[in-house]
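Below you'll find the structures, each written out as structure tokens.
Shared chain: chain A. Partners: chain B in the first complex, chain C in the second.
So, the complex of A and B:
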């Protein structure tokens, strides 16, 4: 949309029933998402307001070996009015799941933008290399044939969802379709376009909005350090703490109050799910803060132990969340913190003291809990971890 | 013969190619190709039965609830576990929220642009738009603001997701008033918000959507409280209101301009439903949308997963993967080349045998049309009433056979949403009553035992079945027959077309470069 006069944002907001106060509040929570103090809210507001006066920034949304869940998730963004404004600031000229065009006309829209370059490429799903790339064919050829140019010409790539980060469940053993993540594909093809990784399955839409603002309006394209990424190219503000750190059921953990069977009285009371296999202590996302579906709830609040769908390791094959965290409902003796694996030697009916100590050393910040009778069985050292020398 | 290719077919879940042969402006042959293989079955092998629920639902980001339920039902069947009454209601409610979410999303976000031209809406008179909305009994919006926003958008010349759309295509109903186009655009925007409410219901009861967490083997981890159910009821009320005041009246308002679509797009006229939404009996033929199969005329039989057979003559799998029931199924991919004369799809050709183990089987359509026809023939009263009144409104009273068409398939989906909308509120009120009475169970503790089980259920887009074989506490075999596998099936061992391929035959094509009716028929299956 062309917004030429001052106050364009205000009239846009008004047309959608969003008050200035709501908008600033939203900017504050976006600041928090980006790992900044809420006092940065006015800067974000200024950036968005400034952007309204600019032509829309071009973007492509590419679906790889995807279930379309990340697109679905984007439709569930909180405060849709304001977020839509932000997304309206993008011109998404190619987006298979929702675009009006089809066939050759859709491909032409993509080709035009790729030729121009300078767009943000949002990639959903796994990069499919199997069967010479024929595991995913688009427009009569393997998708991987066009990806080098699409990635190369992009100003930045946002890999949304665990599949795009490291192949996700598709790359889980035995990975029959040759699934890999975007970063690995770029490395194989010597593509140096910056990649921002946003794992979880699907991606949490609030993070995508935050990254779009970050990449486009807060100067990240000029200075990548603004993004403040960790070694896995994840924004530290989002993926710097474990679920356990911020869990609303954390108090029950400290008190030694655990759910040992689903549907129980303890479950109704909202006790800690660690004993039924919760992967919160080893999973680094801010789900408990941002929550899901317009902040309606999140996994643990619905009584379900975290399955660690945000575990992702784009640097090492086999680091996908399924291989790392399954069996999901068992407690693991071998515990992953990033690519570090340990197996405490002393495990009894209580939370293993060695595990607790190990987690504490690695900043997970777990405290010794009381005795736990019952609960899910412990999982012996998994084969893949044993091979990697876990338990040392 | 001239071939027309649409690849990628957009506005669907996943990746698909449609190829048609056009003779004298009519489709004379068709090939539909699923162009993505991920290998879910191989990934699940050797894992724990309780893990399949979490992983297998990731086949589809638009219908994960149904896949999750089919998976957990397969495990429960294999282990002989009966879920308690509280879990039945919780699962029905979550499933209903997904159906409503999906059907609203299909009609407005995915389907509407094939019938509604946003550019035509630009010339709408605002006062007339309000008058038309009132006359059509459909929801009023701030039509002036929508028109203004739309105008600014088009004038910017930066069309974003509308880039290269087939604006002004001659196959848009030429006599459909601009005001009706504007109403539809307004509801297109509103639907985005309403689908979010439907999804948030799953967020509350399932942890998140897409991909939910609570329907574990044995029941549900979600233990409802009055406060949470109040929140859910509030959201359901909003969603159901939108179905009744926008989705249904919009369908009835737009349909009269597309009556020729009652004359093509029908397909095989054979239908399958595993049934969905359990009653306390947990019997598939007694479900709110019952199990049933129709392979000739309007005679309905009980459908059994024993009668399913998959062929790979035209699919990229090893030849010995063909001719098997999924319980014995194998999935060994074999890429050759894309050739409509030989292999041309990653989808297997799934068929329903009228006698288990005998013959190539029938190309049965699955989805809302199949479910509604099965329920209609079985005399499910609310469905009979909905269909009969709609047929009368479309000028075809007493002629249910016209439903076997493009327009019928679109209408059936929306009528199903109306039926499920009413049911969902009933279940919620029932569940609220239960928790006030106390003593409701939500989970049945059980040991993992070996066995074989099938979970046969329905997703919004059609019949879904998961086949699980547990040996030594591990998954020894896992097969999924997804809804879209039925509808986009390639030719079978006898060279007989799949349901979507067959539905494309006879479709009028005015412009071979822009075959609007072809994409309408393909999308009507919500593939």
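So, the complex of A and C:
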């Protein structure tokens, strides 16, 4: 790469107070995040530096049934850090929450890009199919009417946040708005655009940056295997290990030092939150490593048990993280038997106690029947043989 | 009152040992499993997990050995007789079990006065015992699916996806433990409710006098209490 080409990015970074050293450090951590060796850092640097001279890659940020929490998470970077600059490389032609354009102009910009195709579609929020699509109306018509074209013409879809992945909390029981994830919507409409799922509530901006780099600059569009996605279309590098595996409180877990009550001495000591329902052992994200809010901290480090917002099951109704993990302070999810909502512990103990009680009652019967001392006398022959008229 | 004689030929020494190993393993697994489910006292999680993994390996190896041994070791064909045949034959359904399911149910529900005849094991007993074999292996499978070093293996990853994620797998694993607990309760009850001769034999390998049975017809032919 020619020096002056590098210079273009350098001046852009310098204008924002980012040194070349900071930039290369960031490239190294992005390589780690993508599950690559740090030796890939120069390649990432080259890709980003090259991209800055290219026409900006077009992108659409589409909001479904969303609380805008993911937008908020992306916007939380309060100083323009390297990640922000890289995201500036994306030309986001439509972004409801923060775009300048309004009304028909904004819709026209979106329609133009959709007609042209080849953009990255970042989808935030739940796909709302309820009430014949009227659960979410955009620009005067149900959003689900425009989505097939938006998804079909995209080069790739990045589903950000658990809502976009599998409906998230919007789709939690009883799901009146008919919320589903992007992947399921695409499947229903036979859309084959690649979908990258980035669950958690909200999404971690570092992951979005990593995926944008992957999709736009490292050739993931030509060869999807670069993304190394799991069965739920999540990048394995980010969603491959449990929170429990990398947790800073793991030592306390192994020692058997637990918080059983909030406000206790154990809590003050920073003991393990397993006994107050931490879902870290079954939630696959790298939160403890990447952390949140400019890498300041993350849920468990700040004292809250993991509530499993990174659980995802994009193609199964009821697989959203709320149905799977609520109540958050219990070890197990609730189970529904008809209208009856209860905990597995209660069911197990009740069935076990019923079995023991039945045996006790039976024992009383055996005693009354005089069978306790050796059982009843044996039959002469099997009943079926007796019916046949002989035991020969 | 009448109880079959219990001779050592019914449970050769090797099976007395495997039964002991099963008992110790299952009690340890249930206890450590309850602790892992919810740590009801402090300072034990590392040990509980170690116990849980160790005893499951023991249980599975023991079960596999027990199944292979059934093809080579002989055991008594019926209680109250010393005549033996290959052990596996006494486990699988036999001619002597034919038509006896309903009589057994009726006997246990007090609708039938006489003790049904049968082979070494009755119909319900065989169903319960044989069911524990696949149940144990399924329990192992669900456990590995939840166990850090193995959960990323494609086999277990796809099992997790099949049941809808690790939370559901955890609950299946938990409920299956109750199945084993209930099995054990019924097993211990039925084995001992008519007298403790079976326990004396399987735990201490001590014989008890009682009714003699003819291995050919399965009928009572003599012995103490005839």
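Operating definition for what follows: the second predicted complex is superposed on the first by the 322 of 392 C-alpha atoms of A that agree within 3 Å, B and C clash if a C-alpha of one lies under 4 Å from a C-alpha of the other, contacts with A are read in each partner's own complex, and residues count from 1 in each chain.
By our rule, a residue touches a chain if its C-beta (ideal position, glycine included) is under 8 Å from a C-beta of that chain, and two chains touch if they have at least 3 such contacts.
Owing to the predicted nature of the structure, the values given are computational and were not obtained by experimental measurement.
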Touching partner for A:235 - first (chain B), second (chain C), both, neither: neither
Touching partner for A:374 - first (chain B), second (chain C), both, neither: second
Which of chain B and chain C A:324 touches, first, second, both or neither: second
Which superposed partner A:332 touches (first chain B, second chain C, both, neither): second
Partner chain(s) touched by A:316 [first = chain B, second = chain C, both, neither]: second
Greater residue coverage of chain A in the superposed arrangement, chain B or chain C: B
Which of chain B and chain C A:199 touches, first, second, both or neither: neither
Touched partner set for A:245, first chain B, second chain C, both or neither: second
Contacts of A:258 with chain B and chain C, given as first, second, both or neither: second
Residues on chain A lying within both footprints (that of chain B and that of chain C): none
Complex contact set, residues of chain A against chain C: 230-232, 240-242, 244-245, 253-258, 274-275, 279, 281-282, 308, 311, 313, 316, 318-319, 324-325, 331-333, 335, 344-345, 347-348, 351-352, 355-356, 359, 362-363, 365-366, 369-384, 391
Contact footprint of chain A on chain C as seen in their complex: 1-3, 37-39, 42-49, 98-100, 102-103, 107-108, 110, 113-117, 146, 148, 151-152, 157-158, 161, 164-168, 170-171, 174-175, 177-178, 181-182, 185-186, 189, 193-195, 210-211, 217, 219-220, 225
List of chain B residues in touch with chain A within their complex: 5-15, 17, 35-40, 42-43, 47-48, 50-51, 54-55, 58-62, 64, 84, 86-87, 105, 109-110, 113, 145, 148-149, 152-153, 155-156, 158-166, 192-193, 195-196, 199-200, 202-211, 213-214, 216, 218-223, 225, 231, 316, 333, 335, 338, 346, 441-443, 445, 514, 519
Chain A - residues contacting chain B, complex: 1-2, 15, 55-56, 63, 65-73, 75-76, 80, 84, 90-103, 105-109, 126, 128, 130-132, 134-140, 168-170, 172-177, 179, 201-202, 261-264, 267-268, 292-294, 296-305, 307, 309, 322, 326-330
